[in-house]
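Multiple structures are listed underneath, in structure tokens.
Same chain, two partners: chain A is paired with chain B first, then with chain C.
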Partner chain A sequence: MDLKGSRTIAADRMTVWRALNDAEILKAAIPGCKEMTGNADDGFEATVTQKIGPVKATFKGVVTLSDVIEGESYRISGEGKGGPAGYARGGANVRLDETDGVTTLSYEVDAKVGGKLASLGARLIDGVAKKLADQFFENFQNAVAPRSDDEAPDDDDTGREPEKKKGLIKKMFS
Partner chain B sequence: MYDFEFVKPSTVADAVAALADEDAMALGGGQTLIPTMKQRLASPSKLVSLAGIADLQGVTTGGGSVSVGGATTHATVAAEAGAYPALAALAGDIGDPAVRNRGTIGGSVANNDPSADYPAAALASGATIRTDRREIAADDFFQGMFETALEDGEIITAVDFPIPEAANYQKFKQPASRFALVGVMVAKYPDGVRVAVTGASENGVFRWKEAETALTKDFRTDALMDLDINPLNMISDLHGTGEYRAHLVKVLTKRAVATC
Partner chain C sequence: MPKDHGIGASPKRREDVRFLTGNGQYTDDINIHGQSHVHFLRSDVAHGTIRSIDTSAAEAMPGVIRIFTSADFEGVGGVPCGWQVTDRFGEPMQEPKHPILAEGKVRYVGEIIVAVVAETLEQARDAAEAVVVDIDELPAVIDMKAALEDGATKVHDDLPGNLCFDWGFVEENRDAVDAAIKGAAHVTTLELRNNRLIANPMEPRVAIGDYNASNEEHTLYTTSQNPHVIRLLMGAFVLGIPEHKLRVVAPDVGGGFGTKIFHYAEEAFCTFAAKAVNRPVKWTSTRAEAFISDAHGRDHVTRIELALDKDGKFLAVRTDTYANMGAYLSTFAPSVPTWLHGTLMAGNYTTPLVYVNVKAVFTNTVPVDAYRGAGRPEATFQLERVIDKAARELGIDPIELRRRNFIKPDQFPYATPVALEYDTGNYDATMDKLVEIADIRGFGKRKAESAERGKLRGLGINCYIEACGIAPSNLVGQLGARAGLYESATVRVNATGSISVFTGSHSHGQGHETTFPQVVAEMLGIDESQVDIVHGDTSKIPMGMGTYGSRSIAVGGSAMVRATEKIIAKAKKIAAHLMEAGEEDVEFADGTFTVAGTDKSVAWGDVTLAAYVPHNYPLEDLEPGLEETAFYDPANFTYPAGAYACEVEVDPETGKVDVMSMTAVDDFGNVINPMIVDGQVHGGLAQGIGQALLEACVYDDDGQLLSGSYMDYAMPRADDLPSFTVDHSCQTPCTHNPLGVKGCGEAGAIGSPPSLVNAVVDALSEAGVTHIDMPLSPSRVWSAIQAAR
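Up next is the complex of A and B:
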């Protein structure tokens, strides 16, 4: 599955870029991330716990940054094994554009799962991946430049109706 | 499977206390949780069965509504919710006999599987979900695929369904699992018509507001003629594309209205 979207962040491009390379901010942004160590050059090690309905799986894996163009774009990808649950792999190509001190972050996400997760959860995976990607960029945006509550998110096709989006965001940050 | 603790309390208070452990999970009929555990996709340290709590059992009718105890099986609802025939019919068509005789309304509603039947009934009926600590309107309860307003360790004690003037549930079954590929519940109340759709959206059960407005004005299938639903957020899988599901939503809504 693939999805695209963009967000505007009220900060200059280098601020956003530094945040994209900061282990603490990435840890706060990755949904369910319990632990994250390492640095941008050598890659990060992460432990992520996800609970979707009855399924609860903990993934241990690595997060790497590649195709880095300083201050402009990179690819962030993660790969983890969830024990008996299977494996998950996902990444995003992220690009930054700045106009008048406001940075537009555009992303293209791709995700794959395998093992039991894939065989049992096929009908759910796209929805879950969209939700997690949405949460990641939402968390990231808030970590860098928190918005006021009533401003609507501006991502265009993350697959949620505006009304429901609001509910989820409220829940996450209340 | 693997080792876990099993408790079967006889009161709601004991069950809530037993669920205080971080990795404890409530067990309704186990029609989702047990297969998940067998696959080792979940590994709770403790299961708290709600099957032994008398207060959570049974269907009561009165005051214009049908109240279903949280641990009541689908088969019991099918047999005893005669005052709300569309609800009884929906319960009688969930899964297979094994699922209907083990699975519970509380388990189904709390899990909020995006293809489950009961969430459509609860949302279309404007039901109230009662828990050990509060009452939650169905409109606030369902918050997206597998997401509900429930807190950790909160137990559904009952679901109250106001009885409509007319209602019907139409389900296009995925024939292997008998989950709804798409399911539409239409319920007509004195203050308006409610339409809830399950199985279709990646965000779980939702109300089709445009259809509600049209049907509240004119409760005939013709009222839906010019309406279409956006396939963008619909589930696409090997059983059907988002466009196919969007199409089915309209077809099933019409059938439900025609059958009311």
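Up next is the complex of A and C:
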């Protein structure tokens, strides 16, 4: 499955870029992220718990950044193994454009699942991936430049339970 | 008046008492003291190179006894293939090694990589999660035609490509067929797919290995349709265990439909591991595992051409088929698209020229093998669909077109252009019966009634013929079978006259425990309750080639008849002695021996007692005891045939198809138990309707099985099925077996898909639809309606 989208973030481009390379912020943004270690140069290791249809699994895997154009774009990709649940993998091509101090973050996401996740959850995966992508970028946006209350979405479906639920790239694109 | 006992009566199935009261003894009901449990870690990628396997963390986990990888199987054979096909250039098929556990590469989602044996199943599963397998994923080969393109990724690196074989039949007729098609007044062409299916027997597979170190004896309990075949294949080709040290037991088995014929890696693993860990090792498949490890069925893509003259006489049939083998060759996989398929392409008709080309292809999918009908449903579907299309194109009634081309009763025995000799049949008679009981003439009125309700009603008919009673050993040996296909039976008469029949025909739903005693009781004139069947244990049965291909009563039943004839011959000698008469004067009827023309008689029980208490017995001429064994090798296949009709209603707004009626008229030759035959046909019809309407095994381009549970794989349910009309009163008895029987196990699944699809196409013909591939789901039907507009 593939999906595209964009977000506007009230911050300059380099601020957003640094956030995109910050393990703590990524950890906070990735839905279901339990742990995340490492750095942008060497890659990150992440543990993410997610439920796709009837399958709930904890994925362990690596998140890597590639095709990096400093301050402008990169590809963030990950692969997680979920034990008996199978695997999930994917990535996002992320691009930043700044206009008047506001940065537009555009993304194209692709995801694949295998094993039990595919045989039980394939029908659900597009919907799940879209939801997780939305959550990730919502979380990311909030982490970088929190919006005021009147800008908050009606549906507080950010997957951002205090402290715990940092969603990771993992899930969805991995 | 119907008989109330013996051949032709319908006693209720005696095995159902235990099945319906929860007293069946299935393999999973067996638990051996000290047994351990295995969990198989299976590949979740369709194709990849195994870079490393790290079991160290798993080995330290609680309860783990031992963890196996392919390294533990050095020197052990692969899972063998039981049939070698020779291609049209005279070369043997490509036959890759099929390892017990994946060696170096994984080739389908579900292939076993690691086996964890632990004290409990939960411990085995937990430990399997701690095993780290590093796989370099490779592109998967899923589509058969793409698999044969130059440069396609190879499923097996050591083979030239993904082509298993390119088979032509009859190769010598190739040019003549081409010429006939070129010169024909009319040629009808159809491209179709016979959808891939998963058998889904109610009972998933189970295997328990046991080893007795003191006498070096192995026992395997397994869910098999043919325990002797498993003993032969596993003992001789995989593990190197001689027959006398290997016992295979298949107790009650909850349905097979072909998928439990084959020898599976899990069986070999449990047998091997039981010795390696010196503990019984048990495996019970989960339903999710069954979807990715039971052999799948069908999956043929075909282009068929039918050439006709100006009068609608069939001149030639030419087909071009791609048959999916999956990643490895399952036990009988190569025979299905070839000898069980090409030989049936003459159907019930006098078509003089036939050429069948089959390209068997390796893909990164679960191995594909026989499923109820095995090759014959694929042949019937192509042929009966293209005939229907031709009838529509030529404006000839589809029944009339078939009748013009039927082999007529006075033409039997009839040698087809595709190697078979049909011994007997009467296709007009079954069609006449179908026209009558399906009320074909009343269809127009029913169609009008449906139209008033906004529904499109369609009528589909088709014929079928199958080659059953598999098979003459010398013939199948020439065709590539690596086994004989006879059957054996031992009839053991006990001192008090009761009888145990030991048969190589396994029963897993067919009702042998009821029908086989009917035959013996009829021959001896004793009560059926005096006869029991023993099956499913290689330590008890002399030999058995198993239950598939509708062969049990035709081959196994014939062996039982031959053994019973030997019993009668010996019993007559004993009776002659008891009555002080000449053996030639002894007559035997209704369980009593008499001397012709006298009032002297002895009862069955007197003779059997004398055989075991031989105080007054011709010991100098005759051994005591009364037990005989016979092996029966059939002289020919049997040829059940029939005519089916289906009526459907299609909702043009939604594409939903409702099956309004399904009528099956079958010529099974003589029938032992009409009620059981009805049941066999009903089950086959349900599976055929399942294939035509509901079931589809779907892989994505990466080789992930998307239809891996009952959420996505639709099995037929009661409300998908009409009340069936079944008739088997048209009987042309088989000419070459002693019972005159043909077999009835697969007919329903062979005959029903084409009639259902023909019916839907009929319903949509005015909308311009000429074909829809199975399954005819609402979305496909609706899309076809829209596309034709």
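Following the convention adopted for this analysis, the second predicted complex is superposed on the first by the 146 of 174 C-alpha atoms of A that agree within 3 Å, B and C clash if a C-alpha of one lies under 4 Å from a C-alpha of the other, contacts with A are read in each partner's own complex, and residues count from 1 in each chain.
What we mean here is this: a contact is a pair of C-beta atoms (placed from the backbone, for glycine too) under 8 Å apart; a residue touches a chain by one contact, two chains touch by 3 or more.
Since we're looking at a predicted model, the values are computed, not measured.
Look at A:R18: by the touch rule set out above, it reaches neither chain B nor chain C. In the superposition on chain A, A:R95 makes contact with neither chain B nor chain C. When both complexes are overlaid on chain A, the residue A:K112 reaches chain C alone and has no touch with chain B. Of the two partner chains placed by the overlay, only chain B lies in contact with A:K56; chain C stays clear of it. In the superposed model, A:K130 makes contact with chain B only, not with chain C. After overlaying the two complexes on the shared chain, residue contacts for A:Y87 are found with chain C alone; chain B is out of touch. Touch counts on chain A: comparing chain C and chain B, the chain ahead is B. Residues 83-84, 116, 120, 122-123 of chain A touch chain B in one complex and chain C in the other. Put simply, chain A touches chain B in their complex at residues 52-57, 83-85, 116-117, 120, 122-124, 126-128, 130-131, 157, 159-161, 164, 167-168, 171. Within the complex formed with chain C, the chain A residues making contact are 83-84, 86-87, 112-116, 118-120, 122-123.
Against chain A, the residues of chain B that register as touching in their complex are 32-33, 36, 39-43, 111-115, 143-147, 202-203, 206, 232-233, 235-239. Those residues of chain C lying in contact with chain A across their complex are 44-45, 109, 125, 128-129, 288, 291-292, 700, 702, 704-709, 711-712.
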